[in-house]
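When the chains are written out, they are named A, B, C and D in that same order, and each has its own residue count from 1.
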Amino acid sequence: MISFLNDYSEGAHPKVLQRLVDTNLQQATGYGTDNFTTEATAKIKDAIDCPQAKVCFLTGGTQTNQIVIDALLQSYQGVIAVDSGHINLHEAGAIEFTGHKVLTLPGKAGKLQAQTVADYVQNFYEDDSYQQMVFPGMVYISYPTEYGTLYSKQELTDLATVCRKYHMPLYIDGARLGYGLMSAAADMTIKDIAQLADVFYIGGTKIGALCGEAVVFTKNNEPEQFYSFVKRHGALLAKGRLNSLQFLELFTNNLYFDISQHAVAMALKLKQGFLDKGYQLYIDSPTNQQFFIMDNQKVQELSQQVLFTRWEKYNENQTIIRFVTSWATPEKDIDQLLALI
Amino acid sequence: MISFLNDYSEGAHPKVLQRLVDTNLQQATGYGTDNFTTEATAKIKDAIDCPQAKVCFLTGGTQTNQIVIDALLQSYQGVIAVDSGHINLHEAGAIEFTGHKVLTLPGKAGKLQAQTVADYVQNFYEDDSYQQMVFPGMVYISYPTEYGTLYSKQELTDLATVCRKYHMPLYIDGARLGYGLMSAAADMTIKDIAQLADVFYIGGTKIGALCGEAVVFTKNNEPEQFYSFVKRHGALLAKGRLNSLQFLELFTNNLYFDISQHAVAMALKLKQGFLDKGYQLYIDSPTNQQFFIMDNQKVQELSQQVLFTRWEKYNENQTIIRFVTSWATPEKDIDQLLALI
Amino acid sequence: MISFLNDYSEGAHPKVLQRLVDTNLQQATGYGTDNFTTEATAKIKDAIDCPQAKVCFLTGGTQTNQIVIDALLQSYQGVIAVDSGHINLHEAGAIEFTGHKVLTLPGKAGKLQAQTVADYVQNFYEDDSYQQMVFPGMVYISYPTEYGTLYSKQELTDLATVCRKYHMPLYIDGARLGYGLMSAAADMTIKDIAQLADVFYIGGTKIGALCGEAVVFTKNNEPEQFYSFVKRHGALLAKGRLNSLQFLELFTNNLYFDISQHAVAMALKLKQGFLDKGYQLYIDSPTNQQFFIMDNQKVQELSQQVLFTRWEKYNENQTIIRFVTSWATPEKDIDQLLALI
Amino acid sequence: MISFLNDYSEGAHPKVLQRLVDTNLQQATGYGTDNFTTEATAKIKDAIDCPQAKVCFLTGGTQTNQIVIDALLQSYQGVIAVDSGHINLHEAGAIEFTGHKVLTLPGKAGKLQAQTVADYVQNFYEDDSYQQMVFPGMVYISYPTEYGTLYSKQELTDLATVCRKYHMPLYIDGARLGYGLMSAAADMTIKDIAQLADVFYIGGTKIGALCGEAVVFTKNNEPEQFYSFVKRHGALLAKGRLNSLQFLELFTNNLYFDISQHAVAMALKLKQGFLDKGYQLYIDSPTNQQFFIMDNQKVQELSQQVLFTRWEKYNENQTIIRFVTSWATPEKDIDQLLALI
């Protein structure tokens, strides 16, 4: 059965796995002090054009969000997120586990607006009764968002401006960063991301790696004793090489971006195919996640031959469904899907 | 330079890596719901002869200790450990991060004695003033211990008896389980471990895997909604296959135990070589960690050519040093080392 | 200046203070093991007609909410509350501090609807994707609500029915319980509260005490080792007598309810006065908090002579304002206020 | 039955209670923003001769220790304490509840030695392996100690010097501060305490108040947004007046020190009486707690007529027992006790 369930159904890109094989019996020191980590860090700093960056390799997205947010917040602070944000809905309370409240604000097409943030935070400086509320200490967004949409460079610049005004770091969850940046709709590069964000992560798990996310602190703002902090969260791998070697390969010869581009191309072909057959978009996504509205009966039929996600009920007769492509999606699977709808 | 620093300097056993390569493009569902996980679980249940076992694959040792202990304790309870226990000294406060106190008791040769535990816990039932203290909710030990020593079957049975009497689960940290069980000094098999422990983990990171530990709940005692619990700790891998495929290979054709045996054989050859040259043991370990006392000057000289750990000061003139072998240690490295001392 | 800022501006009801004076030099054992606590517990159990109740005296409302919720939830669970709920907005993250998410749902006039809760929770039993979300473990409501409104007995029964269906304890925050129950609009007694709630607290701080809230577990459901749990939250008073003596007096000769009735009578006189002068209610509250809409200029003028709360902006020209009466409000203050508007 | 169980068996000193009565119906703003709090703060700053001090009133000792330690530590840090320290043994894990490890060191007569601290902390700067351990972020001591003993000014100065060298705040738990300072053996005043400590608290619960401890930050080091921090721990009283009014009275006309002196005088008379009858001291305490060694049979007899604490077993035939005096101990109770032994 062909699958469009998610972007983490296969192992790693073959070149990434080959790098692990090639280096397998070389000895390396533990806990991220090894040379592979040094090399991978240099590659990333170069790619983002940010010489002062500090890079730390972690293993998964929820772990990364938990650690970065807990590290940057003071203990009495909360993190602002759009209400559809991954940290609010789909991380089983990993942020609250560290004692911090997720302060949710409404968004548009999955995106947080700079003005919404400014209006909210301003209250804390004007109204004494806000002292009984959780003080907002940072802003979390995803690029692309949970709905596959993209912030424009202007939108992100506006958010960053508000964040700086109120001394809140801007953190960008880049679980699917490559799939966003390689969209034709993106008006930014990874260098812009590095400039606008105070901290962001480059997602590996969903883009070619077995596991691994690269956290980047861009403004000389790596928290003190971050190594201990990661250890204490149970996230410090003895074999730091596992994550760093994968990123070393992904950031060699543009691999990360090339395989991201493939996924986006597949998604757009899929999208066009649905539109051509008269299906309605639930949301207009230019990246590797596509959302459609489909009659329940058709959903039922299609699910006999294709794996995809029933996102939520649209109305009594129709369902919102999601299709995801990845670095590993063969074009023939798209053709086969389009023949079925 | 040859290295005896630790047992996690290389990647994975080549067969383990090959298994990842062979299955790489097979699609699998996420978060540990895949067939590889089902297969690996079956292999482990078979190996430990415990049909009712629940197995969960996590990524590292500190993460595993943190999650298991937090899951089994009531929030007001603490965990008993010997004062040299890994969770007390070398996990950067990962247990306290979850709100639980490590209740330390003195040990012998790194081992916790059943009577010591019984005497301590009995106070909580007899003396009202203990209500102001942290109630002991479980017992943590390592097999082998942090000093490479081994509990006898009788010692472990005694501990398990005390634990059952006081309704405290017995948890065995098996980061180096294979290196313990394959020692000639071991009078137990992994089946005995499964019978005596309420929960234990089979260490992969130090025995042939890139990463990965297999937690086993042996007494129909997997905590409710453990999946959510793992997620909320940031420890649920999207690609659950990464850990389970490695264990699938390790538990095929006895690989886990064969490679463990190699490490122990290398350690004993190393130990005998040191003894033959007149060096004094700091502790008599029958497993893959060996501790010696060496003159500071000799330590200085040797460290020019060999990597090993200066454990701690023994006296003004001598240092306790540690040598660790692993599944990957070539016999020629032992020969080379022994020629140098 | 006369004040309608809140219901905690004075010390204690004189009879309550007198009780402290009368017993002052009697010796009592510590930490709530004293006879005053036993007596006060008996009075409360009698008043609520619930012989199996367990009563625990704590010191403030946020502390009480934090401890009760943390004690009743499993660590991976969250607490459902209406989005205007006190625990969501005005406790500075005290619930999240204990690691639990507040799961907010929309309400009507500050009240949570049974159907809203049922629809939400049902998802967790039907849709696998909810496994990545925080599981709802209990329901929190306030009686009266943060807007002074009251649940009817039917509404509360419906909520309790949903809670039982889904095995979620129903917890009622009674910071102003007396002010709710003594409203003419209330169709319940404290005995009904005890029957419908799994746990609730009787607020003392806002109703006649210097401090103190009485938590009542009504269904043989006091958490194990709750004493240790309270201690570990830093909330166990050495002189448990302080809280219990005050409740002993409050529950002698109906004092708690009599002084509550006075506050409600004052509030209704105030409300009628505002209505008579043509002011618009923001919300129709039958208890001791009253919300009106007032022109900004009038607000400005009035605030020269009266203390009250500017709740929030209503529109460019008008503000929502809040007046609170209490057991201590003199009728002449109401008259004086009404003369000013 | 006469009682020497503890120093919190009665209510408050009558003058303290009278102050609550006298001010009872005066209105005050909430949450510590009231004038009584301002006045009490001024009294304390004057008494300790520390104009830049910030004072915060909390309700109990464990709560105070929990909040101060959690506020001053970075989240990855632990607090150093002597192994007999109150936070290590008798607070039910309140420190660990906030995620911090108590790092215990051995002491002498209940006191932590400066050199012991220096030797321990120095390791973290010299030995890389300490990165896997919990970093020491502050030092906790009690004055007087849990055994009633006192640090000399020299000992405290030495500790403060080590603390400053390693950038660790020195925190003094003054639950019984008055009973220490008014001992003839004390070579310090409260002004010295304020100078040597970075933060300390003046205990009220055990010295004349119904409840209440006054935390003093002496070095312009009150944590940011401490108000929110206290709220989030559930410790912010709506009626802040309750604690501050009591301290206002205790720091009027030297009351705090006068009543402390009485307790110490009573303790010394008791001690002399025991010594005269040939009883052996367990530890030589110059303050209001006295520890003796007594034959088990005599303990049994005496406990028929007097309340006191069986501290722990001394040997098979003898028990360590504790007698505590307080501001409220009548001299006739001492006489009566001495007649019985």
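Keep in mind that, in the parts below, contacts are C-beta pairs under 8 Å (C-beta built on N, C-alpha and C of every residue); 3 or more make two chains touch, one makes a residue touch a chain.
Heads up on the chains, UniProt names are A, B, C, D = Low specificity L-threonine aldolase.
On a predicted model such as this, the values are computed, not experimentally measured, just so you know.
Visitor: Just grab the chain with the largest centre-to-centre distance to chain C, centres being mean Cα coordinates.
Guide: Taking each chain's C-alpha mean as its centre, the farthest from chain C is B.
Visitor: Have a look at C-D versus A-C and report the one with more C-beta pairs in contact.
Guide: Of A-C and C-D, more C-beta pairs in contact link C-D.
Visitor: Determine the centre-to-centre distance between chain B and chain C, using the mean Cα coordinates as centres, and give it in whole Å.
Guide: 50
Visitor: Go ahead and note the Å separation of the Cα centroids belonging to chain A and chain C.
Guide: 41
Visitor: Using Cα averages as centroids, what's the distance between chain C and chain D in whole Å?
Guide: Each chain reduced to its C-alpha mean, chain C and chain D end up 34 Å apart.
Visitor: At which residue positions does chain A touch at least two other chains?
Guide: Residues 76, 91-93, 97, 99, 131-132, 134, 228, 231-232.
Visitor: Which residues, counting only chain B, touch chain D once they are in their complex?
Guide: Per the touch definition, chain B meets chain D at residues 76, 78, 89-93, 96-102, 129, 131-134, 309.
Visitor: Where on chain A does chain B make contact in their complex?
Guide: That would be residues 3, 5-6, 8-12, 14, 17, 20-21, 23-30, 59-67, 91-94, 97, 205-206, 210-211, 228, 231-239, 241-242, 328 of chain A.
Visitor: Note which residues of chain D are touching chain A in the complex, please.
Guide: 70, 74-76, 99, 131-132, 134-135, 224-225, 227-229, 231-232
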